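This is the structure, below, for whatever I ask next.
Per-chain numbering from 1; labels A, B, C and D assigned in written order.
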Amino acid sequence: MSGVQQIFEGARAEGRGALVGYLPAGYPTVDGSVELLSAMVEGGCDLLEVGIPYSDPVMDGPTIQAAADTALRAGFRLRDVLSVVERVSAAGGRAVVMTYYNPVLRYGVDAFARDLAAAGGLGVITPDLIPDEADEWLAASDAHGLDRIFLVAPSSTEERIATTAAATRGFLYATSTMGVTGARDAVATAAPGLVARCRAHTALPIGVGLGVRSADQAAEVAGFADGVIVGSAFVTAAETGGAGGVRALAAELAGGVRRAPAPA
Amino acid sequence: MFENGPVSTKSRASDGIAHPSDHEPDERGHFGRYGGRFVPEALIAALDELTTVYDKARGDREFLDELDRLHRDYTGRPSPLTDAPRLGEHAGGARILLKREDLNHTGSHKINNVLGQALLTKRMGKKRVIAETGAGQHGVATATACALLGLECVVYMGEVDTERQALNVARMRLLGAKVVPVKSGSRTLKDAINEALRDWVTNVDETHYLLGTAAGPHPFPTMVRDLHRIIGLEAREQVLERVGRLPDVVAACVGGGSNAIGIFHAFIDDPGVRLVGFEPGGDGVSTGRHGATLTAGSPGALHGALSYLLQDDDGQTIESHSISAGLDYPASGPSTRCSRTWGAPSTARSPMPRRWTRSRCSRAPRGSSRPSSRPTPSRVRCAWARSSGPTR
Amino acid sequence: MFENGPVSTKSRASDGIAHPSDHEPDERGHFGRYGGRFVPEALIAALDELTTVYDKARGDREFLDELDRLHRDYTGRPSPLTDAPRLGEHAGGARILLKREDLNHTGSHKINNVLGQALLTKRMGKKRVIAETGAGQHGVATATACALLGLECVVYMGEVDTERQALNVARMRLLGAKVVPVKSGSRTLKDAINEALRDWVTNVDETHYLLGTAAGPHPFPTMVRDLHRIIGLEAREQVLERVGRLPDVVAACVGGGSNAIGIFHAFIDDPGVRLVGFEPGGDGVSTGRHGATLTAGSPGALHGALSYLLQDDDGQTIESHSISAGLDYPASGPSTRCSRTWGAPSTARSPMPRRWTRSRCSRAPRGSSRPSSRPTPSRVRCAWARSSGPTR
Amino acid sequence: MSGVQQIFEGARAEGRGALVGYLPAGYPTVDGSVELLSAMVEGGCDLLEVGIPYSDPVMDGPTIQAAADTALRAGFRLRDVLSVVERVSAAGGRAVVMTYYNPVLRYGVDAFARDLAAAGGLGVITPDLIPDEADEWLAASDAHGLDRIFLVAPSSTEERIATTAAATRGFLYATSTMGVTGARDAVATAAPGLVARCRAHTALPIGVGLGVRSADQAAEVAGFADGVIVGSAFVTAAETGGAGGVRALAAELAGGVRRAPAPA
């Protein structure tokens, strides 16, 4: 079983959902991001999603865009993500990278997989890469033992859910709403249905993301999904409260995923 | 001595979509290595729907007739071919003919594509259209078609462009469109596309993204190309009728690539015809401040397609520069890309035209990884010019 | 269900000059009482030469063919007729068809006249062209034709207009024309014409004054009208082909009157067709700040012709006002004037359309002094609208 | 013989050219223009040309345009020209009016002729009215005994010179150059030839205008024409020197026309 899947299974064994926390590498600086990610782990995140700041983040709302801009303006370079992963992994964190495809393509798909694996990274989430276009990445991730986390959406057909799940390793990322990243007041009503549809096609753990920002929402999501993915809310917490704010939010959300019983 | 009467040409505006050529991508929209769909999964259903509806429309006489009727009575097609004898003299004696897409309604070739997609929007039962625009030409064309067909229209435009092209912003608003100034990133065309994609992901159910050039995810590059093929179909007939033979060279400016592929396409199978694309030279290719993506870019995925990009070593997009707002885009469409010579000739960063090849782009083996550096016989050139491009 | 193929119309661009109609002025250019030549003697020789050269060209196949060729390949004629169903619905169910002179090269009907006169300039062996412009449309068209034919071009433009139409000033300069901002009088179109006339008097030997509307001394009103008759000739054929019958109403905006007479002319002999001219209402005819010369003007001589003017009790010209720079002119051409009902209906200063008659204008008795107040059966109307007119 | 022609014949009898001076009525004010015109008479002008300020003076250069604007801005009304003519005539001046046609048309051609004759005016110079368009004016000037001075130009054909001269009464106005009013350094070389061509068609006196500003130029013109017409130079003199300046210029020019022998 893959490294990432084990984390989900571990949480499930504890009768709860896994908590996945996102922050961009290099935000607000490279060292600063290591500190924030470590605080996430301390607060209770099971898995870190380390974002690669990118010039054209089409799946991201204003909060994450601004953080990526800050990181790029502070001089973030692609290789920095490897050192961030290496340092948080060394400190006991377990991390996947979340990245748009072009930086990987430019680095070299196989080279990136090799270097990420060497740095201790467990896998990659690819928001703008669908399995149909992923031949090179499938090969590289196989070669270097990385998990590959593809996304499904409420608009995905049964057939696409099936083929996407088949290409996925680690967990299947279900975007709970049509839209870009950003904390929302309510978890979209489409999420439970989407997760249910996914279960029909795969035994993989299913993580739900987009919009979660409170313990209550985390509890709600953990009620039907295997993992709760939180991004923008962590960026906002970092902005306003630094490492302490991130640690506190992680703790709150960790409480949330423990409140509801995990789905059978 | 002179022939008179209306412009005579046999091609209908819809011929480019009604008659597939020998230069089709594979069924997932790959031109060789390029093209494809590098977009969030959330958009795939909409792209599939668009592909299906478009494929059906291509064979539907009623759709084709409606498109032809609009292009004749509304756009003003066929557009004339104008001799430019004084320019020819200035250029050392060449006979230069201009294909007058500027005479189309709304002032550019953009309307060819826009009307087609607007009709498809109606077919899909969608009521809302979004679009990106740089110079404002595509935005104006889209706002116009939406006014014509009663569709809601939102145009994303980089804040920088809304300022330098204020007149087109006013035109779009007059036409009832909402113009959203995009304040993120470089605040130009590429960021307007990002913002339009974000809107699309969010509202894809009732919204069609009416993309303005031969770029983006499949089926856009093929569909936009085909809607523009009429440019070349007409031009080829007109030049044969006027001059009695094919031209030595067909030249076009390359922004996203839609007008270029629109006219080139009809000449791809004419071995004697050189196809030359002009890219924006900005302050000069050597300065790095330019928009010469084919000359000085490298393969990458942006805005849904694998193509040539201006990017740094980390794959971050580099801002493009051009004196022409309409050519100021850091990528260009995969269907133009497919005929580019793989490899980097020594002229790559010099101000010399760059060689392309005109390979057959259909169903090339996929996943053929990085470009080889085998130089290929040149029949298509890519040049850059310091001040090429439309002024409005 | 729809017909396709290129716009079909039998008329050639030159037909309006090649085939004199039944509505000709007398040989000195009088349309009834109006028209004529109220200019300095110094210009008479040039006007006579122009009349002679023009009359000869009208019967010269080579000239007519060249004009046709340019209008087909350069201007883009025939211009389409576009159905505007949503406007028709908004207007209470009328079927509204737009004659698309905006699709001509340079963006307006002005080029019809300009190309003809530019070719005549060459025939006269003159190398320099001067022109007046208000909105800049006529200036741009003239600068364009001069660039095409290698003529020196000087455009007079009121200083006020150079500011509000800066973009067109830039276009003219780009085309190689010298644009002279006129600082005298009201610094708008009428003063630009004054200044052009002063230039012409001084340089008439080598210079042609390429007047932009159906006004000025004979032969301009007739010549400009005839060069624009193609608008109506095409429109009449197109509407018959499209709708199968003549329209109930033909409407046009009236500045100097060239586009109006250009389209009206083909329908003058169709008794069932009402012809409605829209004049600029400015702040409202009752405020005195308007450009409704036919509605609220009176007969007078300005810029070489007797026509309807905005003038005070002393015969001093009153400045016209319009939201449209192109309609901001205190007179209009004598060939439109001839069909106006003499007399002042009670609606003269109210915002209601004013009645015209469509009298046969040929060889009416001259010197018939002041208008009688006999009301005449209305078939042509003159309306004013607060915001009518082109926006560019 | 007409009143105006008598003035020319009188000058010829003295072996000299006649001096015709132009100033706009109402410039700088109505009273001021009477004073300036009187100064012209005192200085030695034989005939006054009283201009009617007009909004669109296409035959005038900047100097006269500006003077007309000043008069209009000061409130000049058309009827004022009648009182100006009346007052200068009462003071012994002899005056014709110079006017663009539209003010006359608007006033009523016959009414204008009647009222001008009643005010003591001798005739009208019409720079933008050619005999071809003058039916109404020919009738009115006949009815009220006014001279009508038409213009010929270097570009006029023999035929037009003949028909224009035939319609003219008083003197024939030969524009010495193609162009608008304004003082020039040299009298145009076209003038002597034009005058000679006119002589072949008419026995009328011939006045030459456009561009004269000095005694030398006046002498030169008087060498081949019967009258010298001066306009812009008087406006400039009025601007800079008032009535005194006008009187001095008239005196200087009057010396000029006496220097050369009149043509036979």
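Some notes on this structure:
In this section, a residue touches a chain if its C-beta (ideal position, glycine included) is under 8 Å from a C-beta of that chain, and two chains touch if they have at least 3 such contacts.
Quick caveat: nothing in here was measured; it's all calculated off a predicted structure.
Following the contact convention of this document, C is the list of chains adjacent to both subunit B and subunit D. Averaged C-alpha coordinates put the centre of subunit A at 36 Å from the centre of subunit B. Per-chain Cα centroids separate subunit A from subunit D by 95 Å.
Distance from the subunit A centre to the subunit C centre is 68 Å, each centre being the mean of its Cα atoms. Contacts between chains trace an open chain of neighbours here, each touching only the next in line. By the touch criterion stated above, subunit B contacts subunit A in their complex at residues 28, 36-46, 48, 184-185, 190-191, 194, 197-198, 201-205, 298-304, 306, 309, 311, 313-317, 366-367, 369. Partner subunit C is touched in their complex by these residues of subunit D: 54-59, 61-62, 65, 69, 72, 77-78, 101-107, 127-130, 132-133, 135-136, 150-157, 160, 164, 175, 178-180. Within the complex formed with subunit B, the subunit C residues making contact are 1-9, 12, 62, 65-66, 68-69, 72-83, 86, 100, 102-105, 147-148, 150, 167, 174, 391.
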